[in-house]
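Okay, handing you the structure first.
Here the chain labels run A, B and C in written order, and each chain numbers its own residues starting at 1.
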Amino acid sequence: MYELFKDLGAWLVSGDQWGGADGIAQRLAEHLQYSLLATLIAAAIALPVGLLIGHTGRGAFLAINLSSFGRALPTVGLVVLVFLASGLSMWPVYIALVALAVPSIVTNTYAGMTAVDPEVKDAARGQGMRAHQVLFQVELPLALPLIMTGLRLALIQVVATATIAAYVSFGGLGRYVFDGLAQRDLVQVLGGAVLVALVAVVLDLALSGLQRLLFRHRPSTLKSA
Amino acid sequence: MSFDWEWVGSHRDDLATLTVSHLQAALTAVLLGLLISLPLAVLAHRVRPLRGFLLGLSNVLFTIPSIAVFVLLLPVSGLTRTTTVIGLTIYTLVVLLRNTVEGLDSVPQKTKEAAKAMGTRPLRTLLTVELPLALPVIMAGVRIATVMSISLVSVATYIGDGGLGQLFTDGFQRNFPTPVIVGVVLTLLLALVADALLVGVQRLLTPWARTRTRKA
Amino acid sequence: MIQFEAVHKRFPNGTTAVHDLSLDMPEGGVTVFVGSSGCGKTTSLRMINRMVDPTSGTIRVGGRNVLEQDAAELRRSIGYVIQQAGLFPHRTVLDNIATVPLLLGWGRKKARAAAGDLLERVGLAPEMGRRYPHQLSGGQQQRVGVARALAADPPVLLMDEPFGAVDPVVRTQLQDELLRLQRELNKTIVFVTHDIDEAVRLGDRIAVFRTGGHLVQCASPAELLARPADDFVADFLGAERGLKLLSLTALVDVKQGAAPDGGPWELVLDGARKPVVWRERGGAGGAEVPVRPLRDTDSLLSALNESIASPSGLVARVDAEGVLTGVSSRSDIHSAAGDAHLRGAGNGATSPDGGAPAPEPSAPTAATPRGSAPDPAAQSPQGLDLPAPADAPADGKSGRGVA
């Protein structure tokens, strides 16, 4: 056990591992690219949907159950399915990752919108704000903490799951996991896993720090947990 | 991409075995998660300093990718069912701990004081007042944990287990979509049915919440 | 200023919130909608600025049908205050107040300047403007809510149970502030409350609603208290309705005489003839009881209270400067109270000089209603048939001494 962790430490800090066309730096960049792009696409789809459902109150059933469906969807199966359908391309990875991220963002955006005090919305309307002004000047800013939480959650899930890009012969940090599994090289597998976990934790901390900075004026009840 | 019904017909027994194995892994993990999280949650609820630590720890655990969790366990328990169950249990813990603490927090102070004022001892208050009232929130956690576990079992296919997840590897290696589709559909169905059953259990366990929602 | 014409509101779920409401609110003055929950008072209020649209009927504000106007623009021209203030938690107090001016396109600088003025106007310190709503007390938040509604100087102000969520002491302060503001600004205010005392205190007119959205009676507070239209209104006004009426009647018409020379109690005055204390006659060791002199504008209720608290049974009357003008006896105050009850709307405290039709010289028997007076309230158990003044214990003689 001790030997293993010593080897793992050596693997993680070795210069050979970090440089080069298939070094850790490159894999890290690929991993971040998959994750951030997928989350961005997911946000572009999910935010308008969540805002609309939250603002109009229509389709609440969808918003509530979508997250349950998203949790139930086996990502591995989805990736393989899209891979078999589309052949060797980035489609399977992005479709699976976006499918994973959309429910979290929709559900949290909707939750953020419904958490806005109805009295405040009533007051906004009563002062003479039009529907779009209520949405963008009142509801959206007030829902933002929870929306950010949704984005954070989605990004973490996506980072963790982007490992499967390697399963369908692409890059990212998952390479080490799957190559290591194939070569029975435990050190490499662990190295990949630790790196993915680190990326997830660091991104989570960075985003929650940003969130705290952005909403430092808010009463604690409006901040995300 | 065509669907091969014949394959389904000829693999009925295999599918049944995989489904049972899948469900077994997921449910064992949820039960273990409940057994561990319940006392931890009570502790976190009563001892304030512990609360931040336990919830923070479970947050960090959640950021670790599932595949990484399984793989990190390999040196401990190897390519076995135990690894699958431990990995899944860690995930259920994250959800269950948080929801149970939130559930206990949601019990109105006045209700607890009323129980105390009538001479109920702390343990009895916990068992007969706090836990029942926290049940809706705890059950929400159980539902999330169950659905999540059922979906996550397939990730264990990378370490040679994975129940229905084995259909994904199988289909991938043979470039044959039918088992993959069957696997995805069965996983979704399992999750759906389990969730619906849990909703039923919750309604049975919390009759007061039932009438309250009807009135509201 | 605001007219309801045969207005109905039925919600999609089939409940009728407002039933055939016709009501005319003149410019200036406070109209209070009261009633228990579900009586349609809030719905009626919210139809004025189109937060709710009527099912049928017409509502006019300043002569213009509200349904023919753009809802958002209409709302910008009408102030709106709700319970818990409904402030925007993500904006500073100043920006909250500047909401409508900004919507009207005044520009940030002008809007903030107006907001700053209003902050002062509602009695908040300028540095409050930089705070966020959650850093303010409930009462302060409510003041900000009022300031926000007034920011663009709208002629009409709608207030939906604005003081419902604050404690009684703060509520009284806020009511006083509102009355003060209203004296300065003279807006047309529609105020919803379920608190009849608040209605009596604030209203120039009170509209009583009954469950099912029926307007039962709309009258001045004095008229309402004196002549409730039916048992429902009487019940709603409460058992102390007679006393509430006295709180609206000014002391001015109660006759006064010179302070008595005899009797066990002496009214001590200072050099400027301002009352200081009641002192027991008979040497230096006499007991002293504080005196609370009343002015003509004070209410009969205060006078009644003071006549009970005063050891002599006499109430010291002073002018605006606090100089003694005379004393009134308990029996005279009781007589006036009885008269006030009979007259009802005649003599409101808000307009003490109001044309009361020649108050009767209060005969000693005035507490007994004149046989011909067709006033149902006077026969009700809550009528002010107080015991004849002469029966008041212990001090019948001092009471007579004044007359």
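In this text, a residue touches a chain if its C-beta (ideal position, glycine included) is under 8 Å from a C-beta of that chain, and two chains touch if they have at least 3 such contacts.
What you see is a predicted model; the values in this text were computed from it and never measured.
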| item | value |
| --- | --- |
| Chain whose Cα centroid lies at the greatest distance from that of chain B | C |
| Of A-B and A-C, whichever chain pair has more C-beta contact pairs | A-B |
| Geometric centre distance via CA averages, chain C-chain A, whole Å | 58 |
| Inter-centroid spacing, chain B versus chain A (mean Cα positions, whole Å) | 21 |
| List of chain A residues in touch with chain B within their complex | 1, 4, 68-69, 71-78, 80-81, 83-85, 156, 159-161, 163-164, 167, 174, 177-178, 181, 186, 189-190, 192-194, 196-197, 200-201, 204 |
| Parts of chain B lying in touch with chain A, wherever the complex brings them together | 1, 60, 62-69, 71-72, 74-75, 143-144, 147-148, 150-151, 154-155, 157-159, 164-165, 167-169, 171-172, 175-177, 180-181, 183-184, 187-188, 191-192, 195 |
| Chain A contact footprint on chain C (complex, rising order) | 49, 51, 72-77, 80, 82-90, 99-100, 103, 132, 134, 145, 148-149, 158 |
| Residues of chain A that touch chain C when the two form their complex | 117, 119-120, 122-130, 133, 138, 141-142, 217-219, 222 |
